[in-house]
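Following are the structures in question.
Paired with subunit B in one complex and with subunit C in the other, subunit A is shared by the two complexes that follow.
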Partner chain A sequence: MSALGGPAQTAGFQPPTGMGIAVSIILIIVALALAFFLIQMAGLLALVGIVIGGVLIGFGVHFVPVGGAPAAMGQAPGIATGVAMLAAGAGLAGLFGGAWAAPLGFPLALAGGAIGGGLLMAITCTMVNVIYIFGMGIPSASGKVDKDPITGDTFPEFKSQGTEGHGLPFISWVGGVIGGALGGLGGTLIYLELLEVYQAQVLVSASIAVSLAGVFAIGMFLMNAVLAAYNITGTIEGPHDPKFKRFPRAIIASATASAVAGIFAIALFEVLMVFIESNLMGAL
Partner chain B sequence: MEEIVFGIGITALAGALATIAGAAEDTESDIGSQGDPNSQVQLAPQMGYIHRIFNKAIAGEPPAYGLWVALGAGLAWAFMAMQMNPILAIVLGSALAVFVQGVYATTAYLGRTASLAKFEQPVYIDILKSMTTVTMAHAFIAIFATVAMCHLIISALGHPFPLPLLGLVWGIALGAAGSATGNPFYGKERQYQEQKFGAGVPISASGNIVRYAEAGERNSLDNGFFSAKLGGPASGICFGLIVFFELWRTVVFEPLAAGWGAIIIGVIVILIFAVIDRYIEVWARNTFGPYAVPEVPEVPEEASS
Partner chain C sequence: MAVKIEVGAGGVPHNQILIYGLVGSLILIYLTYLNSATNTEYFAFFGGLASVAALVWGADTIKHLCSYGLGTGVPSAGMIALGSGVIAALFGAMTGIFAPIVAIIVAAIIGAVSGLLANHVVRMDIPVMIISLTELAVVGAITVLGLIAMVGGTFDFQNLFGGGSVSLGLVIGSGVIALIFMLAAIAIQHAFNACLGPDEKQDRTLMLAAECGFLSMIPIAVISFAFIAFIPALISLVISIVGWLYTYMRYIELSKRDAYAWLDAKPILEPKGGA
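This part shows the complex of A and B:
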């Protein structure tokens, strides 16, 4: 029981509530219906793509090992920064690669986005270990598990006194790369879907379509990353952390938020046209 | 062939600019305590440790740098649209963005420190005067190098994003790389320099940051001097490698296998970094050894000596 009288908070699995699921399903169905009503099948498919992209980002953030302030003092394992911050950095680097490869086709752009995000995380996680080991003389040790699920390394004897562990064990490194790749993939998918919608508009030039799709993709990326960060509450070590089991709730939240934000992005020009027409009517 | 050689040259130049930007970014954020160690700088007066460390952490490094670089890039883009020379436009855009950073740093320091008034932490005006300009100088280098890199990526390599949008993307990535790599070195090695080397800071020592220098009280310029030795350059290498490999795999290998060459090389580079990471992890375990063997009670022996 918390001080505010809410439900007890546990470290591990926290299921979504029935009310939350029901409201989410209603919002998603309304958003899909609106998308179909505005731009028919193309709008519906674009919104489905945006929802999948948002879910991939929300799920991917749970893989990224983030230790926050305790990690900066070598008191807890992970990367010493915020969850949403790091995921955004990786996902946007992926979006950079994906947008660049967009003219080469859908699969190649998606793969480019995933590799871009994964590459940023691979280099960052390696450099984090370089600083811990060569700058501070501290080996990696997880605080949540006694044994690395991939390498089988044991951790309790490598944990310094009075800390929860430190550095980035290999499982966290792998989690970081998977998280970055999923984030880059999701961000690029949102970008490509919106680009297709905007390019179909007669009023829009190619460069404006790219800019708008890019801005909305970045916005939706940050939204989903922050949502997932709220679900994680602070720090997470990666896929082996008990908090990782909370991801179903983030998936539902990300899908709903992406559907609602996505319908605004898709309907942008339809809403704009309504305003222009009403202004013209007023002028006449 | 000529196009690829040109592309490799631009890639190398962009990677070098990114390296400079990463190093300046981390040093700037450490002088301003903007990374995660800011929590300790804020906590110290509450534990009774009054200090002269600058603290401007009211936003994480990635969003702060996203703002400043996007601002510099947006202004440079506007100046270029007015037919201004690109180099001059980037310098002017970055300089104007740095003024925003200066206002941010000033208000952040005053606000954060004034909130500690009940713990008798003074607001030092001399600290404000001397530190703010130094963070602005470092921020200018970071913003200028990143905006110049973005301009190269667009004008020479043909990325479709406009300059302000690319500035936002790489500004956030710069902050993410700099804070991830540089924060532990500033937090553990500098703020807790009195703690034992080769071990994490015990949670019980939180807030007890080092407040005295060789002569007089320590300030954030001393911290910048320390960070510039390893944390800054390591952050620079991190961001430089990210930019270099991202561009290199695309510029050189995209023509291969109908575009899939860039993807394959990307996967290979990730695997190479996995091997490097695993190697140094095992090296550290073997070289440093475990902290305590359960049978040997180390702590009482140390206490008796």
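This part shows the complex of A and C:
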């Protein structure tokens, strides 16, 4: 048994199926209704925040220059690892930054998350280029466009034959930082919304609320990042890549996945209360 | 660019592994309930064994999913498995004795939604996508729940809020779950990631999955010294190490079986007086 087929590798944009869109819309509406039913307006607003956070993550992943295995051999531009690893790195760095700043208020925490994620990607992209240029001795050249949209540098004369480009052009660097910032922002937003929901519970101590919100935020972050990775099927150069135009699909997918996962996270303590009450009734 | 990933043919059918993995891990995870029944903590290690059973099943599922060439690398499948699994596991853990069953149902819902999104919105159009992501989410949930039971002695989070079990509060509050998350995510994806290729053999891949599971059990057993009594934690540690040694040696044996040739490498001795 060898590879049986694989995802469609067409350059064109395949829109989501009608069934996919219908199911997404129904699931989001059901989740919002459930959130309102469980903890009224606070739940609804929290779920909306979680969905926005998920969409930011899914959108942000498209900016990050992911090169995969070909980049490790200097045959494709980008950072030489998979989307899941990069997104996890940037998102968790952002999440830590945001969680640390959480007691300082909502805006500051969000800014902390965005800066944390952006900073990690900035350092990663810079060091990737240091290794590419001074270690492997290859110039930065994109294979997808002839000119850097920001600096105006031309690429074709630097591109080696038989490769899709190599190194990390400036536009990819900028894309990486934007992607990291968006990912960190989204992860922190999910964390803060869940933290608010859990801290409103009388039964819950501070450390448990923080820990649960953090773990849920990590889980949702990775779900959204992997769905976005499936959307770009592996590698992308950054915002100038033609694959970037596929992002509307990832936004729909991220919104739905976050809504479904978010409703379970929000309903956590309502379920617990139901079971504790039924246990008490049984004891009486 | 999708990298062509090849898998070996033959071996035990996937559906059989699915049933063994699901039923086996469910029974093993319920055996930790003996802790509550007998008011001891000696049976915590069954949680770890449940996660090993689930991980073996998960490695086979990943093999099926990734043989289609996702283009995103095998680790992404492990990450989405644990990402959806940890949500389901923590949700399920709030429901007392029903925890494993509720976790499985919730994980199946989240996994099926992810699979549906991947196929119909993101348009991966992979035939096994929905069923595979459902299975992977269930595996992730069972693994997390099993390791929680191993480190804290129980998967029943209700004690946590009844003032009963102090240790479980520490398990969540100290962020051990984040560590469990990563240990399980690496264990679930490593086996196929390491063994894939034209000469992939199912028994070797699954043996590596079991080895990774026992390897993840060892740090969890060490951590459990902080949360459960000394003797039960020691039992967990001994079982983890013995299991790991056995599966590791079996894996090396199978690798030698499948290898064209091997060299029992020895350090090259420098000739006297210089070369």
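Note that the second predicted complex is superposed on the first by the 268 of 284 C-alpha atoms of A that agree within 3 Å, B and C clash if a C-alpha of one lies under 4 Å from a C-alpha of the other, contacts with A are read in each partner's own complex, and residues count from 1 in each chain.
The rule is simple: a residue touches a chain if its C-beta (ideal position, glycine included) is under 8 Å from a C-beta of that chain, and two chains touch if they have at least 3 such contacts.
Quick caveat: nothing in here was measured; it's all calculated off a predicted structure.
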Using the superposition on subunit A, decide if subunit B and subunit C clash or fit. clash
On the A-aligned overlay, A:Phe63 touches which partner chain: subunit B = first, subunit C = second, or both, or neither? neither
Taking the superposition as given, does A:Ile218 touch the first partner, subunit B, the second, subunit C, both, or neither? both
Quick check on the superposed pair: does A:Phe244 touch subunit B, subunit C, both, or neither? Answer first, second, both or neither. neither
Answer with first, second, both or neither: which of subunit B and subunit C does A:Tyr191 touch in the superposed model? neither
Which partner chains sit in contact with A:Met136 here, subunit B, subunit C, both or neither? Use first/second/both/neither. first
So, does A:Thr235 touch the first partner subunit B, the second partner subunit C, both, or neither? second
After lining up the shared chain so the two structures overlap, which partner does A:Leu108 touch, if you call subunit B first and subunit C second: first, second, both or neither? first
Name the contact category of A:Ile276: first (subunit B only), second (subunit C only), both, or neither. second
Please work out whether A:Ile123 is in contact with subunit B alone, subunit C alone, both, or neither, and reply first, second, both or neither. first
Only one listed stretch of subunit B (19-27, 37-45 or 109-117) runs into subunit C, and it is 109-117
Do subunit B and subunit C land on any of the same subunit A residues, and which? 68-70, 82, 85, 88, 207, 210-211, 214-215, 218
Can you name the residues of subunit A that touch subunit C in the complex? 1-9, 14, 16-17, 19-21, 23-24, 27, 68-70, 76, 82-85, 88, 203-205, 207-208, 210-212, 214-216, 218-223, 225-227, 229-231, 233-235, 249-250, 252-253, 256-257, 260-261, 264-265, 267-269, 271-272, 275-276, 279
Residue numbers of subunit B touching subunit A in their complex, please. 35-40, 60-63, 159-162, 165-166, 168-170, 172-173, 175-177, 179-189, 191-192, 197-206, 230-231, 234-235, 237-238, 241-242, 245-246, 249-250, 254, 258-260, 262-263, 266-267, 269-270, 273-274, 276-278, 280-281, 283-285, 288, 290-294, 299
Once bound in the complex, which stretches of subunit A touch subunit B? 68-75, 79-82, 85-86, 88-90, 92-93, 95-97, 99-102, 104-105, 108, 111-112, 115-116, 118-120, 122-140, 151, 153, 157-170, 173-174, 177, 207, 210-211, 214-215, 218
For subunit C, which residues count as touching subunit A in their complex? 1-9, 67-73, 75-77, 79-80, 82-88, 90-91, 94-96, 106, 109-110, 113-114, 116-126, 157-158, 160-162, 169, 172-175, 177-178, 181, 198
